[in-house]
Structure formats: structure tokens, C-alpha cells
Amino acid sequence: MRTESLKKAGLAVLANLGTLALTAGAAYAEAVAAAPPTPDKGDTAWMLVSTILVLLMILPGLALFYGGLVRSKNMLSVLTQSLVITCIVMVVWALWGYSMAFTDGGTLNAYVGGFSKALLKGVDTATIVETFSRGVVIPEIVFVAFQMTFAAITTALVIGGFAERMKFSAICVFSVLWPTLVYFPIAHMVWWWPGPEFASTNPADATVAGAGMIWGFGALDFAGGTVVHINAGIAALVGAILCGKRIGYKTEAMAPHSLTLTMVGASLLWVGWFGFNAGSNLEANGYAGLAMLNTFLCTAAAGIAWPAFEWLLKGKPSLLGAASGVVAGLVAITPAAGFAGPMGAIVLGLVVSPACLFFVSVVKSMFKYDDSLDVFGVHCIGGIIGAIATGILVDPALGGAGIVDYTAGGAAVYPGLVPQVIAQAKAVLTTICWSGIGSLIVFGLIKLTIGLRVKEEVEREGLDIAEHGERAYNM
Amino acid sequence: MRTESLKKAGLAVLANLGTLALTAGAAYAEAVAAAPPTPDKGDTAWMLVSTILVLLMILPGLALFYGGLVRSKNMLSVLTQSLVITCIVMVVWALWGYSMAFTDGGTLNAYVGGFSKALLKGVDTATIVETFSRGVVIPEIVFVAFQMTFAAITTALVIGGFAERMKFSAICVFSVLWPTLVYFPIAHMVWWWPGPEFASTNPADATVAGAGMIWGFGALDFAGGTVVHINAGIAALVGAILCGKRIGYKTEAMAPHSLTLTMVGASLLWVGWFGFNAGSNLEANGYAGLAMLNTFLCTAAAGIAWPAFEWLLKGKPSLLGAASGVVAGLVAITPAAGFAGPMGAIVLGLVVSPACLFFVSVVKSMFKYDDSLDVFGVHCIGGIIGAIATGILVDPALGGAGIVDYTAGGAAVYPGLVPQVIAQAKAVLTTICWSGIGSLIVFGLIKLTIGLRVKEEVEREGLDIAEHGERAYNM
Amino acid sequence: MRTESLKKAGLAVLANLGTLALTAGAAYAEAVAAAPPTPDKGDTAWMLVSTILVLLMILPGLALFYGGLVRSKNMLSVLTQSLVITCIVMVVWALWGYSMAFTDGGTLNAYVGGFSKALLKGVDTATIVETFSRGVVIPEIVFVAFQMTFAAITTALVIGGFAERMKFSAICVFSVLWPTLVYFPIAHMVWWWPGPEFASTNPADATVAGAGMIWGFGALDFAGGTVVHINAGIAALVGAILCGKRIGYKTEAMAPHSLTLTMVGASLLWVGWFGFNAGSNLEANGYAGLAMLNTFLCTAAAGIAWPAFEWLLKGKPSLLGAASGVVAGLVAITPAAGFAGPMGAIVLGLVVSPACLFFVSVVKSMFKYDDSLDVFGVHCIGGIIGAIATGILVDPALGGAGIVDYTAGGAAVYPGLVPQVIAQAKAVLTTICWSGIGSLIVFGLIKLTIGLRVKEEVEREGLDIAEHGERAYNM
Amino acid sequence: MKLITAIIKSFKLDEVREALSALGVQGMTVTEVKGYGRQKGHTEIYRGAEYAVSFLPKLKIEVAVKSEMLGAVIDAITSKAKTGQIGDGKIFVTPLEQVVRIRTGETDGDAL
Amino acid sequence: MKLITAIIKSFKLDEVREALSALGVQGMTVTEVKGYGRQKGHTEIYRGAEYAVSFLPKLKIEVAVKSEMLGAVIDAITSKAKTGQIGDGKIFVTPLEQVVRIRTGETDGDAL
Amino acid sequence: MKLITAIIKSFKLDEVREALSALGVQGMTVTEVKGYGRQKGHTEIYRGAEYAVSFLPKLKIEVAVKSEMLGAVIDAITSKAKTGQIGDGKIFVTPLEQVVRIRTGETDGDAL
């Protein structure tokens, strides 16, 4: 088994070791009880900051990135949706989401956690969670907050697929159901594992047995390429198709009402993404530095490549192209952030931009779906490319960081191109299926009950006035 | 005496222990001299970041939140006022503010500090201040900067009450006088105390004797519910009344010129508020994590509740409602941030929004004052609700963190609902009175000398062109 | 020799000690090999954050500050240029920039580094670099990222000089050539030195011999007054002159299209500048606190002084004046951030604003060059004032922090006003010459080959549509 | 029929609209315009540069009326839009030959 | 010659322009306006305060045509801009005495 | 009296205004408009989607003058607004029956 040694962006909660002790043996549990590790304040400070940065990504980052792209009559609807989704998902996370993602799920553990920490029961200022380094921990309450922002941004990302036409009431229901059926399980499958202490002191099989299913594939996902981006991209596509095209799609001009705001949004996404990617390291050390540097370089390369290809193909390099490239680069490096080397990150950036550009301009036109803000074309496609590339770029021979083998004292190993890429592909496919089916159920249910779409007059007049009773601008 | 053991968001400056040694006894002073604690770099890093975050709250956070709500002809006046107030208060803080707030005031110590640190005398890279944990310190110079941002934002908050009509010269004078007469004393009354080392090694009475008056009530205020929000809210109301209503108030449409910017401002307030609330912990540990999580959850709940009530009552959930809810939630959780439990924070958020909504829509219309941007309705009312609720939610039986009893080795205690709520109420009332009277003096003085209000033509044409010679937009 | 002991914002890479061991002697090298220092996680966390903050300064900070000042038809061109320059410089930095700036340059070491770390060879999660305190290190990969953002912002600053008229293709070529010929060498000259360990254990001459030329002058530059601001200011002036004036300059109204955005940009510059200034300390300690406090106070004073002088001279204090003052204050304090005392910082702020105001209004009109966004008048002039003032304000007698004398166990010394100001002046002059000549070569080359300037119709219609095929706003 | 075009100060719109409604005028069209006239503009200073802004924001109201309404409408506008200070604006009357209501195809008097 | 001024709903612009082009009309000028009429506005609520917004965004199209084109142009606009719902807009026809093309100095019919 | 309506390129406004002032014209009203004509627009591409933008930003100047000024004003506008390139714009002249100055109630010639 090669999977036991993968360094993964999830972690075991020490409090759960009781459960896991079935396989772990009593000796370790006692040792932990004897001398529990204390959080380093540098790590805690970094994780507090990372959490704040992910909020910045959503509010106002994503809200502006998306908002700038719609027509001004729908601006407030995008902003309101982003803001209210964030609020709803956070409350849901505290009530049952954290528990569903980050506790042992008993017989369903391969797919989802349980309800033992519902209402954050047992989480207080003294409880801790492990990072990826043996013996290094951070306060659990900080981890709860950090992961909460991931749930919120993933859900908010989805709305770009059906912007300018979905009912606000449908959005509200979606933001409760979708995380519950789709996000929390996938987060559990990818990020839940027994932790480094257990992994270092137990046979590999035991660690896999205690982990989520996708973790068990041996797939690498440093900061959420599958959980966040592929997941959101698929959901957006499903939502876009079920909702139908916007009135006037492809016949009326639907130019972005403020590329200025879109650029501000893209910039704040970049700034905040360091909380996402380097924060996912859970520790302030050289690996966080690597994740940061990669997040700079892949993004920079992608930010060059997209407008460069536009320049070649359509004669003009555009700001929206550069901003789209930046986002595509950020998406692609997400799973690879702490695994690739800096030169690998640059190459990834150069590849992801033309691929996404091809999708949003050629493929989208071919299949004639109306993914308003290209969530599928940028996040899902970029996420898939990043996920697969991670399996390649992690190779130390290519400058990658290798995979931590906990059973071998934390040595960096690489199982070889084929098995690793297969593991990545399995993770991608599982995510696509789970998210596709789950999203279909969620949007289908809403469509059949309260309905997904606003009335035609509302869509024509703009959602701002009709749904929210306000206008974005009164100049 | 129950008050000695309260954990409060203020701290003793070790350099002052000489003064305090009158009560502390020579033994401790020597011990400190023998082995002064060194700041942990994780704590220092966190406090540097927190300070920056509070600046982000004002510039551009608050400036945009307020600016978006005024008519475009007055946009620059709001921005200029926010920016210049921040600058003035910072300079005043360095000259005499820090000293007035955070030194021993001798015979006036119950109300205000002295001038021993005027011009930051004696503050250098080596001096330190205590946090709330015994033996944990941070560099004093960082504390000076952190607290400076609090003085600046509080003063800037006030201008929302009389936006679109006050003279810029009056604003400038206000920003020197008001902090001096109102803010610095209240900060001293709430946050000045002998510190954990002293409190742990002395009888409770001695600690109270060395502390500011409101601290002495035993009132809890984690991050400034009284000092910042109730205080600014009252001052805004007084300013609004003395300044009089805007021309056209209630007869002309005064729709916000850019809710987009208001939303950006609200988002940045949220992002920056973690510096405010979690930073007020002065340490990067689990309590900072608790303050952060509460700041997420109360805000999220309030951000849901406000538009939900609008939906119920007026038929449409609005963006401005959601943004107002977010701010109300942030205000309410401020005093409670490190005291309430996560579920308590959610409940607080659900309560504060309808209360503020009621004030800004019903009460304000009833009393017919023109608090332009609802500083009173949101900050003062939200602050009062938060302050009172803190006394309840801190109860460990409700999931709260309890109150540190330094004389009992740092154990968490709770004096009971009635005494604690009374302590909170006394703090609220004292703040209302001091701020009300102080603000009346300040605005009254300005009105009688240079005048508060611009001429009618200026108000009609807009303050931007008339007072600043510029327009915000030239599209 | 007085120069050996200066505390400078550059540092030795331990990996280079092999080279330096020629002078250092084998004993030290062995000692280091025996027990390499480990990064403190608090320092690492702080440097991660600082790096992110500098990105925030550019994107969206600088982009908005500049963008708001141009006419709306050229908004996207400014944004695209800022974004794409940032991307290009980052990639160039990883490929050869870091190596040219921060490695030993062999025989050319006084002027520029070598290519030993091209493609970031040898930089990984385990390599470390020294800070300014003996025995204190941070991960090299974090330092690479931190310094990368400096290279990017300096290059992006330059475009303000010739905004609204330069071809995008010329901008792209510039952003590869200029850093290579101008920025990397100057960064090396100012910031490359053998580091505190070497300096503490070797004669002063040996340290100077291993350092860059300007470092060798004994000049102080805490965070890049010369490298960043004077450098960018000169390059902008050269570019503006070679490019020629905008059509309609001084005859048509060219009012800023959105002072709102300019204010947001100035605010984010201030927020991010703490990463720049306090981050340049490379450690989270009291000196970072001092740099932060000075960055607050000088900026605040300058933000008051500029509109105050406008008020006196032209009758109205403007927002653009306050924002310009803020930027001038930030520029001026940059070289002095960790050296001046708080009161010195206030004085510096009060001085720099009227000086820059005089330049942008009087001198610029006299010489009739079209430095579109006053990069020369604010950054170069402000930078020169700051650089010279640093030599005065560092004096402990004026409240300054003094200069670390590593050969005397880290004591704070001051060589006297005259020698220190001469050292500062030499640094300023060297930078002006190198940047002036280098920029002339770069812009001259571009002018002679692909040309610098857009066609007249393009300039009239606006660069957005003609060069990027988009409009910023579709309201 | 006549087309009445009035240039007025922006803050007078609501009063004018109400007065016209009271007269039975059922529709009007408003445009944001910049006016140049006897009313002086102002100077804007951006950093060093001074710009004389000679165009001031005004509103243009267009009302199509039956000829017999002309006097009443002009009086209403004049009285409501007047502040007595320079820059109050002007009223222009042009002949209107034909009116069509798009929704119904009604014409002329019926279309107003 | 006639100057035709039509107030229409914004989203009808492209259809109208195409129809006019098909008739051989080579130019037109469009302005964003606010219309007040039988079509009711909406209420906006900002925190407590409610505003009745009685002006709705419309587009004004101005087309100068030779008199013989008048009927065809009116028909084209009427048919394309019609949704059948209140607020579709109006067409106004005013006499046009003279037209000059600035570029060439051509006048009247030649200038259109 | 005549109402002169000119569509011109935006950057020509200041020159035209000065020329008219020189002729003694004391007022004018300017509107931002979008023009469609022989001058081709451009294509905008947003991610995949291409939009042909056929409307270009222009300024509309309205000047009410006494009939005897007509020729001079037309000449002034024509000469100042001309670049010789397609899209320079047009001048339309319509009859003006009545003018009122709101401030004073003066009418016609006195009101200009």
C-alpha cells in the first residue's frame, strides 16, 4: 500500500483518538494523554490570519469578481447572494457541518462524519487538533473557523453558474441543502484521517481504514482542488442547466457592468488565497512558504498566459483575460500548492490558462449551456488540471516536495507517475459523480417545490429591484 | 468583591508597576525586575496583524460603508472626513492620547490617566505590557499602535450621524476635542487596570483600587462595546441633533449612491473586525480563536436575521439589510467576543438584528432626528444589547467562557446573572452619561464658535465641490 | 570604518557562507554547520503575512490608486498593466531576478549578484536566511516570496509616469528589461551583505568587502526608499519624457475619473505598507513595532499636512490632497521606518507633504513634463527627503533607534550627522544615476524598436477599447 | 400639439412633476444634462492642475401636451422651478406634429 | 424632413435598430432617459426609509428622416418596440428644417 | 427662433463652446448620447463572448438662438467640430416657437 504515507490537507482530532484506538493500540493513547502537545503561538497566529484571509476571498473578493461581471441591474442580487450564503453556511457549519465533516462517521466513515460534535459540542479553547507534522497541534476552535470559511466559499462559488436568474428563496434553500448533501461528505472523504501521530505509530492499513474514502485512494489535494473547485464547478453546471439560459443569452449584449470591480475581486481572491493555500499547511514553516511561492508563481504564469493567448488568437489581450488567468492559476495550484516545486508551478500556470480559455470560448459555445460566470470552465476544468498535475509535479525529480511517509519517519517518497496519477483521477471522478448527483438532487428538489427561476419580468427589470427592492447605483 | 477577577480588555504597563507597587508590595516588583518576561513572537506577530486589520476597518472599510450610503455629491466629504480624522486622531494619540488612556492618573485615576507618557516618553522597542495571562507580555510599542487604531475608528464612526451637512473645519476641531474629552477618559475607565501579575499576587481590592472606574464595576467588555460603539453612537446622536436635519430630509429621495461600495465596506469591516475582537485578546491562543469564531457566528446570524425580518415585514430582503445586520452583529459580539460560547453568539446575532431594525425604522421616525447613517440605531443600540448580553452569555452553564479569577489561580468563575448584568448596566449607563455630556460640550462649543453646519447652497450643491473642490466621479 | 555596523534591510543567505568563508574563516562556517538556527514560527508567520500585504499594495492597491486618477477610457489599461507587470516580474524574479539580487556576484559583487540561484536552484523548504539579529533566521523560500513582491511593486509604480499613452506591448517588454537592468542591481547594491553572524565575528572591512556598493557607503535604507521609490520615480520621469506629453495635456480637462477608487487605493497602500515597512524587519519584535508605529505616524502627519497646505494656499482641502499626503508620508518613512523615533516620524510627515506639493504643482508646471500620476513628484522627491532625513532621525538624541554595531555586540551607535547624511546622499545619487541611465537605455531601446506610444486615434478613443477590446464600465 | 422642453435645477424635479400631474399631464421624460449659461461654474483642483468647470448638472424635462394646455404647463413649470437665482433654467416650446402610443397605436391627443 | 423621437423600453433597442437599418435609415442617436407615465414605478426601501420611484429607465431614440420615410419608420418602431404592456413608450414627430453633415458640409437630404 | 441640435465628437466640446461664446451665444445644454451611423463601432470580447458595439459615445449640444444667428452658429459648429473623419456628426435645425427664462419670466429673444 502506498497510500498510507500521503501528506493530506486534513487532520485528526485528538479527541477522536478514543475511537481510533481500536486500531491504534492503547500505548499511543496513553502517551498522548500523558503529555499533550501545546500549540505554538506562531502557528496559531498564522491560522488566525489564514482564516481571515479566506473570508476576504469571499467578502468582498468573490462577490466583486462575480458582481462586476453581471449587468448592473443584477449587481445587488449577486452581492446579496454571496453575503447571505456566507452567513447561512457558517451557521450551518456550527450546527452540524463541522461534525459531519470532521468526526468519525462510524459505519459510514468512508463517506461522512457523525453528529458527535453537532452544535460544536466539546469544542472549547483548550481542545486541539493535529497538523501534518507529528507532535504539532493548533487549537481546535481555530481549525473550526478555518474550515468554516472553506465551506462558505465553496457554496458561494456555485452561484456564478446561474447568476442573473435564480430566485433568492431558492438560493437560500440551496445554501442549507447543498453543503449538507454534497460539501460536508466530500470534505470528509478527502480530508478526514487519523492524523500523523496515529499514522506514524500504526500500520498503513489502519490509517487508511480510519480515513475518508478519497483520502484512502492516496490522492493528494493540498488545499481543496477537488473539495472546493471541482465540486463547485460541477454544481454550478448542474444548476445552470436546470435553471435554463438567461433571456437574451447570445442575442443581447451582456457586457460586464464593471470590469474594475471584477479586477478588484480577482486581486482580493489572489491576496486571500494565501490563507487558503498556505493556510492549509496548518503550520507557519517552510512548507507554508512553498505553498505561498507556488501560489504566486502559478498564478503569475497563468495571468500572463491567458491574455497572451487572447493576443495571439483574437488580437487583443484583455483585462478580463488576465483576471481570468489569475483565477485559473489559483484554482490549478490549489491541490498542488505544497507539493509542486516553483518551476513546476510556473509550467502548470502556463498550461491551465489556454485550457480554460478553450473551454469558456469553444466548448461552452458548442454545448450551449449558460454557465453565466464560467464557474465550470474555470473552476472545474482548472481544478481537474490541477488535481491531475499534482500527481506529476509532486515528483521530487521534477522539483516537487514528495509525499510524506509517516511510517518511515516522515521521509519524502513518490510512488511513481502512473499510480499517483491514477489516484488523482479516482479522486476527480469520485468528486464529479458525488457532486453531480448530489447537486442534481438538491436543485431538482428546489425546482419541483418552490422553483428555481424568477419570472420573466423580474429577469428583464433586473433582480435588484424586483427581488431586493434596491438599486446598486444612484449616481 | 467579585470584580477583581474579571478578565478585561485592558492591561497594565509593567513600567507602571513602580507606581502600583504602593499597593503591590516590593516583593513582586523585584521578582519582575529579576526576570522580565519576553514577548512570544507568535503573539507579537498576531498583534501586528491585528493592528493592521483595524486600520483596514477604517480605511477603506468604514469610509466605504458610510460613503456608499450618502448621495454622490457628498461622497468625497465622507471619504475625506474619514481619512483626515484617522490622521488627526493618530497624531493626537501619540502626543497625549496614549498617556491619558494608559497611564496611572494619580488622584483622577478612576476617570483618566496622566501625562507621564505624553509624546510617548519612555516607550521604546524594549518596553513591554502585560496581556491577560500572567507572565505573557507583548512589546509596548505594538500595544500603542493597536490601541491607536481603536481611538481612530471610534472617532471616525461618529461622523455617520451628521453626514452630508457638517463643515469640514468643524470636523477637524471635533477630532481633536472629542477624543480628548470623551474617548481617552472612557478608554481609561474601562481598560486601565493593574494587570494579571498584580491581580494574581494581591488582594482583589487593591486591583480594583488601581483600575479605572468602569473596570471597577466588574463590567465585562472584551473588545470595546462600551468604549467604541455605545460611545460613538451617543456622540453621533448628539451631533445629529445639534447639527439639525438635512435639507429635504423625509421629503426628497436620499437613496444611497452606491450600495456596492457599502457592501464592500461592510465586508472589510467584518474582515478587519477580527483584529478588533480577536486582537483584543492580545495573545494568539485558543481564546483568540474563540473570539474569532464568535465574531463569525454572531455576525452570520445577524446577517441572516435582518433581511429575514425585512422579508417578513416589508416583503423583500435587501442587501443593505444584510449589510446592516452584519454590522449590528459585529457590534453586538464586540463586548462578548471572548466570553460567550459559539451557540450564545448565534443567539445574540438573531436578537440584535430585529432590535436595531426596529430602532432605525420605527423609533427613528417617531423621534424625527436625522441620524444620517444610523450610528445611534446600529452602534449604540447594538452595543447596549451586546453589553448586557455579555453578562448573561459569559455564564459557563450557557457555554460561555466564564470570568478569570486571578486571585484563584486563573480559574473561570461566574458571579451569577443578576450581579453581572447589573455591572454591565452600570458600565452602559456611565458610558452613555459621560459620552452624552462630553459630546454635548464638544459639539456645543464648536457650534457657538466656528459653527457646525455648511450653508444651504453648499448642502444643495454637495459638500464635495463646495468644501473640497473636487467631484468623486467624472465618468 | 563606520559602515560595517549599519543595520540594513538585506541579509546574507547562509548557503552562501561557503563563498564568504574566504574572509570569514572556516571556524564560523563549521559552527553554523554544527548547529544551524531554526526559524521561529512567529517570525515565519509574520513574514508570510508581510508578503501578502505587499501583494495587496499592488493588487488592488496601487492599481486603484493609479486607476482612479486616469480618465475612464483608460481605466482598464492601467489595471491591466498593473496586473500583467506584477505577473511578469514575479516569473522573471523566480527565473533570474532573485539570483541577481541575492547571491554573491563574484567580481561584479559590488554591483550585482550572480546566476547561482537562477531558477531558484537550491532553494527549498529547508534552506534559511539570516535576519538582522544574530542567530535569528527565516525560511529562505519565504524571503524569496517577500522580496519578489518588492520587485513587482517597484516596476508597477513606474507606469504612473506615462499612463494613458504607452503601448501595452512596450509595457510588457519594459517589465522584463527594466527589473533586470535596473532593479535587481540596485537591490543587490543596497541590500546584499554578509549578514549579522559574519559581521559579528569578522572585522568591519571584511563585511563591507562582501556587501553591495551602496551598503558599503554605510547608507541606511530600512525598507527601500532608494531601491523602490527614488528608483521608480526616476524611471517614471525618464519614461514620461521619452514618451512625450499626452494629447490635450494642459488644454483639456483630465480630471480623475474616480477619486473614490483613488482613495480606496491609497487606503490599501497604507494597509499593505506595514508588510513593506514592518515586514522589512524580517522579525516579529519591538523593532517591527517601531517600524509600524512610525509608518502610522509619519503617514498621518503627512496626510494632515498636504490638505492643510492646500487649504492655506488654494482655499480648499481636497481628498486627493489627503490621499497624496498619505502616499508621500508612506514613501518618506520607508527608509526611516525602523530607525526614526515616533516624534521624528511626525516631523518627517509634516515636512514631506509641502515639499511634494510644491513639486507636483510648481516645479512640474515649470519644466512642463507630463508625469501623468506624479510618480516623480511624490515617490522620487518623497524618497529623497526620507532618505536624507533617515540619516538625521536615526540619531538616538532625537529619539531615533541608532545603528546596530555588530562588531560591538549589537550596540546602537550613531556616527554623527555629517558622515551619516553624506552616506545617505551618496546612496541617493548613486540610485538616481544608475536608475536614470538604466531607464534611458530601456525606454530608448523600446522606442527605437517597437515604439513606446499608441497612435493618436487610440489615445483619443482611449486605450481600453483600442488596446484591450473592453470598456471598464457598462452601467 | 406642443413639445415643451424645460431645463431646470435637479432638486426641483419632484415639485415640478407634482404640479404637472395636478394639471392632468400624464407623462414626461427626463434627461440628465449639463448646462452652460450665465450661472458660473466652479474650479476644480486636482493636485497641481486647475480645471474651470463651466458646465453644471441640470435636468431636461420633455412634455408633450395638447396646444391648449401650453400656457398652464409653462406657468406651472415656471412657478415651481423658480428659486430666483441665476441658473434656474429655460423653457423651450417646439411644434409637435404627431404622437403615437407604441402599445396601442393610438395617435395624437389620444396618445398623450 | 422630420425628426422622430421615440421613447422605448431599453431591451428593445437592438430590434428597433435592425428594423430601421433594414429600411435604409443610416443613423440615429440614443439617450438614456427616465420616463414618467402610466406605468407605475416601484418602491425602494433603504433601511427604514421608503422611496417611491416614479421614474423608470427608458431609451430615447432620435432619427432624422426624409418626410417620405416617416410612415415606414413609425411603423417599424411601433411594431418592434411593442410588448403590449403599459410603458412601451411613445413616438413624437417634429418638423426638421435643416440638416448639416459636419464632416462634409453636405446639407439636408444628402446629410442624412 | 431656432433650436440647433448638434451631435459632435466628445473631445470637440471645448472648442465648440468657445466659438459659440465668441459669437455671443450665452447658453447651451449638453447631453451624453450614443450615436449610430456610418462610423463603424468596435468589437468587444468578454471571455468567450464577442459583442459588436455599434453605438459610439457622442455629445449632443442644444442651442436656442434667434433666427438671424442661425447661419453663424452652424458655421461655427461645423468648422470647430470637424476632423474630416467619418463620425464627425450632424447638425439639426428645428423651429422654436417660444422661450421662457424661468428665473425672470422673460420670454423669447430676451430669454436667450
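For reference, chains read A, B, C, D, E and F in written order, and residue numbers begin at 1 within each chain.
Convention: a contact is a pair of C-beta atoms (placed from the backbone, for glycine too) under 8 Å apart; a residue touches a chain by one contact, two chains touch by 3 or more.
In this text the structure is predicted, and so the values were computed from the model without any measurement.
Under the contact definition stated at the top, the chains bordering both subunit D and subunit F are C, E.
The interface at A-F recurs elsewhere; of B-E, B-D or A-E, the pair that shares more than half of its residue-numbered contact pairs is B-E. Measuring from the averaged C-alpha position of subunit C to that of subunit D gives a distance of 54 Å. Subunit C and subunit F have centres, each the mean of its CA atoms, that are 49 Å apart. Annotation for subunit C: residues touching 2 or more other chains are 40-43, 45-46, 49, 253, 255-256, 314, 316, 318, 320, 469-471, 473, 475. Shared contact sites, meaning residues of subunit D that touch two or more other chains, fall at 31, 44-46, 94-95.
Every pair of chains that touch is listed here: A-B, A-C, A-E, A-F, B-C, B-D, B-E, C-D, C-F, D-E, D-F, E-F.
Those residues of subunit F lying in contact with subunit E across their complex are 2, 6-8, 31-38, 54-55, 58, 60, 74, 77-78, 81-95. Interface of subunit E with subunit B (complex): residues 44-49, 51, 53.
Chain contact summary for the complex, subunit B toward subunit D: residues 248, 251-253, 460, 465, 469-471. Interface of subunit A with subunit B (complex): residues 39-46, 48-49, 51-52, 55-56, 59-60, 63-64, 67, 75-76, 79-80, 83-84, 86-88, 90-91, 94, 119-120, 123-127, 139, 141-142, 144-145, 148, 168, 261, 467-475. Taken in their complex, subunit E has these residues touching subunit F: 3, 17, 26-31, 64, 94-103, 105, 111.
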